[in-house]
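Okay, so here's the structure we're looking at.
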C-alpha cells in the first residue's frame, strides 16, 4: 500500500494514499464535526460544517483526498467561525421545537450545535418550506426541520434506486420533494424508511402509532396480542445504551408483558409457517417449471418495489403473506377459536424493525372476514419509546419466554432477520422434505454474508439443483431484476430484502449517527446476534417445530392446502411507475 | 476534403471582398465600390436591423447598382447605444439610429452619388465641417480588437469570409508544424488568463489536462454568459463564431481531446443559430470531423443549451448540467482538468478567452504578451452600461485606466449628472469610486480594490443611483441564482439580503451593518463554489466605499439618492400643479384627490409609492421628497 | 398514460397533438443515444408545448429510463423550464444591471399594476404572463423587454399602456 505524509494541527502522520482528511484526522483522534456526510450515501460537501484550513482556503474535509505534504489545520479561529456560522445559519432556518422532536437527543444538528458551543443564533429571517407531509402510513416528512443535507436523497436514490424523492427547486426555495410535489403516499415510495435512518434531524420519522396501541391496551374489551420480528431482539437494547447487536429477547418479552399486552408471541413462528408454505410453493413451481424464479414476499418494501417497477413480474412473487401477517391471520382464526375470543375483539400488534410493515398491515388484501390480519405495527424505536414512557428499567429486567401457541420457533425462523436467512431456512426444510434425509450440517453459509448479490447452486439429493440468488438492498435487486428481464440471468429461487443486510438494518431500527455508521459495522454486529440465537435453538428447521406440526394437524391441514390458501396467501397489485 | 491548399484558394477568392472593407482614405469620387455593413448583433437586430438589410438590398436592386455596393450583415460594432448602426466602407462613414425610411436616401445619395446622408451620421464623426471615419472617434480610437476581430467586418454566416481573414490558418499551423506541447507552451507564454471570471492562466490549465494519460478528454466552451450587463461572449459568437470553433479545435489538438461542447445560453437565439450554421460549414469543409484538413486529426463539437441558471457558469456546475443533472457545483479538487465531464479530463474556457487563441498562434506568444501589463496580458472586452453616454462593447488593452474607458471611450455621464461609482465583475465584483478612476484595469488591481475583472461587465452609476439599493440588487440576483446546495450561500445570502432590506426600509441598525460585514466574510470563506465565495463582494465594497449612504439610511432614515421606496414619499408642488387630474385618474389606489384646475394632493397613507403620478405628470409637479 | 393524450379530443386537436408528440419522439430518438440527453429533450418539450406537461415528461422518463423525481428536480432547477402553462404573450422585462440602473424595476411594477398580476403571474384571460428575466444582452436599448419575439427598448413606464394595446 502506498502511503503519504501529511501534517494535521502540527502532527505529522503517515497515511494510506487515497484517504480523506476527515479519516486521517480521526486516526489522530481529532474529531471533525460532520453533518451532511454519510459514508457511501452522501458526499455532497454542502453543509460546510467539516471545513478545515488548507493553505488559505477552507475546504470540506469529508471528501478532500489528502495529498503528500498537505498542511491541515482543524482548530483555528477561521475554521471555528466558519463552522459556527454555517450551523447558526442552519438553525436560523430550522424549526427548533427540539423539546418535543422525535429526534431530541439523537439529533446530529443538536449535537454539532452543542459541540460548537452555540448559545445563541445570530441570524433571524424568513424560513424556507414549512410543509408537512403526513399522508404516508409509514413515513412522515417535515420540511420545516429539513436542513437539505441530501442524505435521504442518497439513501432513496443511490442506495435503493427507488428515487421517490429528490432535490427540487433551487436556492433558498430548494426542497426535498417527490416528483411534482405529490404527497408521499401517492409516490413511488416503498416505505423502507432508509431515508429516516439517514436523516440527521427530525425531518423524517416513522408515522407513530404508539397512542393507538396504548388505547388498545387500555380497552378492557380487547385482547391485545403482540408479536416481535426476529431483528428487533438484536437492536432494541441499543436504545437503552447496550452495545450494538446485543441480544435482548428475554428482556423484550418481559417488557412487553409489563406494557400490558395480553399475549406475547414470536414472529419467528410466523417465519416457520412461511417456510412451510413457501417451501411447498417452491417445490410445486420447480415441478411445473412455471413462474421461476420464485421471489420471496416477506419484505413489503421489495413487494411494493416490484409492483411499481416490474409489474410484469408480479407472478414470480411468492403468494405467501409475510410472516407477521400469517401469524396475525392465525391469531384471528386458530387462536381466536381455541381461546374462544371473537376475532373482532383481538388487536394484533407487530413490533417490527421496519416502517414498510406499517404500510403492509394496511393493505386490503391482507385481511380476512373484514378484519386486518395485523392492526398496528410499531417500530423497534416506538417500542423503546413505550418502554421508556412506562418507566420500565429495561436493562435490569429478568428474561421471560414467549407465550404459546406462537411462542415456540425454530432457529430457521430467527435468521429471517438477516440477508440470506429466508433462503437458508427454506433450504433446510426443502432439502429434508425432498430427500427424506436428515441434514448433517444445517448451516448454508454460502447464502450468508454482506455481499450484495450472492448466487449459489444448491444440490438436492437425487441430483436436483436449485439455482438461488440472495440479494439485499434494492439497488442490487434492481440490477438483478434488469438482468433477468434481459434474459442474462435465470434462477429458481430469489430472496430479496430491501434493506442492506436485511431486516436488521430496517427503517424502524435504532438510529445511529453518521460517525457510528461509518466506524461500526452495525449490520455485522446485529447479524451476529441473529445467528447466535439460531445456534442456541434446539430445533433449527421450520418443519421440525412441534407447534407448527400441531397447527397443521389441528387446523390448516397440509401446506399449500385449501385453508392455507384462504388464510396465508395473497395477491399483488400493478402500481404506477410514476 | 479540404486541405490547407484548398483553404488558400478560398482565401484568395474571398480576399478581394474583404479588402474593400477597410478605410482607405480614397476621395469619395474615386470610390467605385462600397461595402455597407449593417450590424446584426442582438442589440441592433432588436431595433430592426434585419429590415434595414432588406431595404438596402431592395433599393440597390431597384436602382440597379448591384455593381457599386454590397450589403453585409455583420456582428456587433460595439456602439449599441446608437443602434441600428450602419457603416459604409471604404470611407468609414458611421450611420447611427438608422430607420428603414432613411434607406432610399442613403442608397441614392451615398451609394449612387457618393454623398453621405447627413441626417443619420454619428455626431462625433462631424468635426469642423468634415467627416471623420469612425475609427477616429473617441469611442473607437483607443480600442484594440483581438477578441472582437472580424466583428463588424465579415459576414459571420459565410465561412469563406472568415477564411479570407486568416481564418483556420492557425489550426493548420498547429496541426502541421507544432507538437501539442508547443501549442500549450505558446499559450502559456502568451500570459493569456481566463476571461470568464477566475483569471487562471489558460496555458497552465491546458497543461494540466494535457498531462492526464486518458484517451477520452473534453473541451468545453463556456458561453453561458450570466453576468447581468455583460454580453461580449454573445457578441463574439454572433460576429465571429468560427474563431471560437477554430480555437476549440486547437485546444483539442493541444490536450488530446476529440470532442468539444459549447454550452450556450438558450436566451441567445441569434448566437446559437450562427454557431450552428458555422459548425455545419466547418464540418462541410472538414475543418471538424474525423479527418481535419486531411491530417487524420479528429475533432468535433456539439452544442448544449443552458437553461437559465447563472450558477452554471461555474465549471463543475456546467459540467453537471451537460451531464443532464441539476447544475450544482461539486468541490474542487478534483479539478475538471483532471476529472471533469463524465469524469474525464476536461478544460473549460470562456468564449472570449478562446477567441484570442488563433491570433496568439498566428502572431506568437511574444506579440500577445507585449500587450497589457506585467501580469495581465492582452486585451479585455468590456460591456459598458448604465449611466454612460456610449453604452456598448469595447475592447481595450489591459492596463488602461477606468477614467479612459468611462470618460474617453464611454463619453462620460449623460444629462450633466455626476459620476458616482463603477461596478465591475458583475454580481461577483464590487463598486469602485471616483478615487479609483485613475487605477489601471487589470486582474490584480481590481481584485486588490475589492472588485474583480469578472467577465467584463462595467456598469456606470451616477448621483441618482443608491448604492445600498445597488448592493441589494446584486445580492437579490445571487440569492436568486444560488443553487441552494451549500449552507452559507443558500441561507447566508438570504439573511444578508434580509438585512439589506431592513436597511432600505429604514429599519436597520448600525449593529446590522457590522453583522452584514461579518456574515459576508463567512460566506466568502466557506461557500462551496465561486458564486457564494464572491456573492458578498458588492455588499462589502459598497459598505467600504459608501458607508455614509448606509449610515444615512440607518440613522436618518433617508435615501440620499431618492431610490429606496420606503424612505421616500411623493408630494405635489402646488405651484407647478395645473390641476389636470391626470395623476388622480392614473393612481391605482385613489390616493390623489383635488378639484380640477386646482392643485391636487397625495394622501400619504394610501399612497403605495408606485410612481405612476411622477411618471405621468406633464408639469413636473410631482416631487420625490 | 400516453394513450390518454390522443383520446377524447376533436379531430384537429388530435392531429395537432400527434404532430407535437411526433416532434418529441423525434427529439428523444435524436438524443437518446447520447449521454446527458435529458436537458436537450426538455428544451424540445418546452419549445413544442410552451411548458413541460407531466404526461409528456412521463414519456421522456420511460424513453430515457430516468426517474421522474430526477426529471422534476432538473425541470424545477432551471428557470428556462416551466411546469405550468403560460399566457399567450410572455412579457419578459430584462432585469440585468444596465436595465435596472435605467429603471427596469419601475417598468416591471407598471406592468404589474396595469395587468393586475404579480411577477411570474398570468392574467385571468390568459393573455399575458409577466416575467422578470436575466440580462437579455441588449444593454444598449436599456431598459428593454421582449414580448414574444419582439423587442421593445429604451422605455419609460408611461409606454406600458400603449405597448399592451398592441397585443
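Here the chain labels run A, B and C in written order, and each chain numbers its own residues starting at 1.
Please note the rule applied: a residue touches a chain if its C-beta (ideal position, glycine included) is under 8 Å from a C-beta of that chain, and two chains touch if they have at least 3 such contacts.
Quantities reported herein were computed from a predicted structural model and do not represent experimental measurements.
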{"item": "Winner on C-beta contact pairs when A-B is weighed against B-C", "value": "B-C"}
{"item": "Farthest chain (mean CA position) relative to chain C", "value": "A"}
{"item": "Cα-centroid distance, chain A relative to chain C, in whole angstrom", "value": "44"}
{"item": "Rounded Å distance, chain A centre to chain B centre (Cα mean)", "value": "55"}
{"item": "Rounded Å distance, chain B centre to chain C centre (Cα mean)", "value": "24"}
{"item": "Multi-partner residues of chain A (each touching 2 or more other chains)", "value": "167, 169-170"}
{"item": "Shared interface positions of chain B, touching two or more other chains", "value": "309, 326, 328, 483"}
{"item": "Sites on chain C at which at least two other chains make contact", "value": "70, 73, 77"}
{"item": "Complex contact set, residues of chain C against chain B", "value": "34-40, 42-43, 70, 73-74, 77-81, 95-98, 100-102, 106, 109-110, 113, 133-142, 144, 151, 153, 156-158"}
{"item": "Complex contact set, residues of chain A against chain B", "value": "44-49, 51, 58-60, 63-65, 78, 81-82, 85-86, 89-90, 92-93, 122-123, 125-126, 147-148, 167, 169-174"}
{"item": "Chain B to chain A touching residues, read off their complex", "value": "309, 326, 328, 330-331, 333, 479-488, 490-495, 498, 515, 519, 522, 525-528"}
{"item": "In the complex with chain C, residue positions of chain A that touch it", "value": "157, 163-170, 177-180, 188, 577-578"}
{"item": "List of chain C residues in touch with chain A within their complex", "value": "1, 54, 58, 61-62, 67-73, 76-77, 83"}
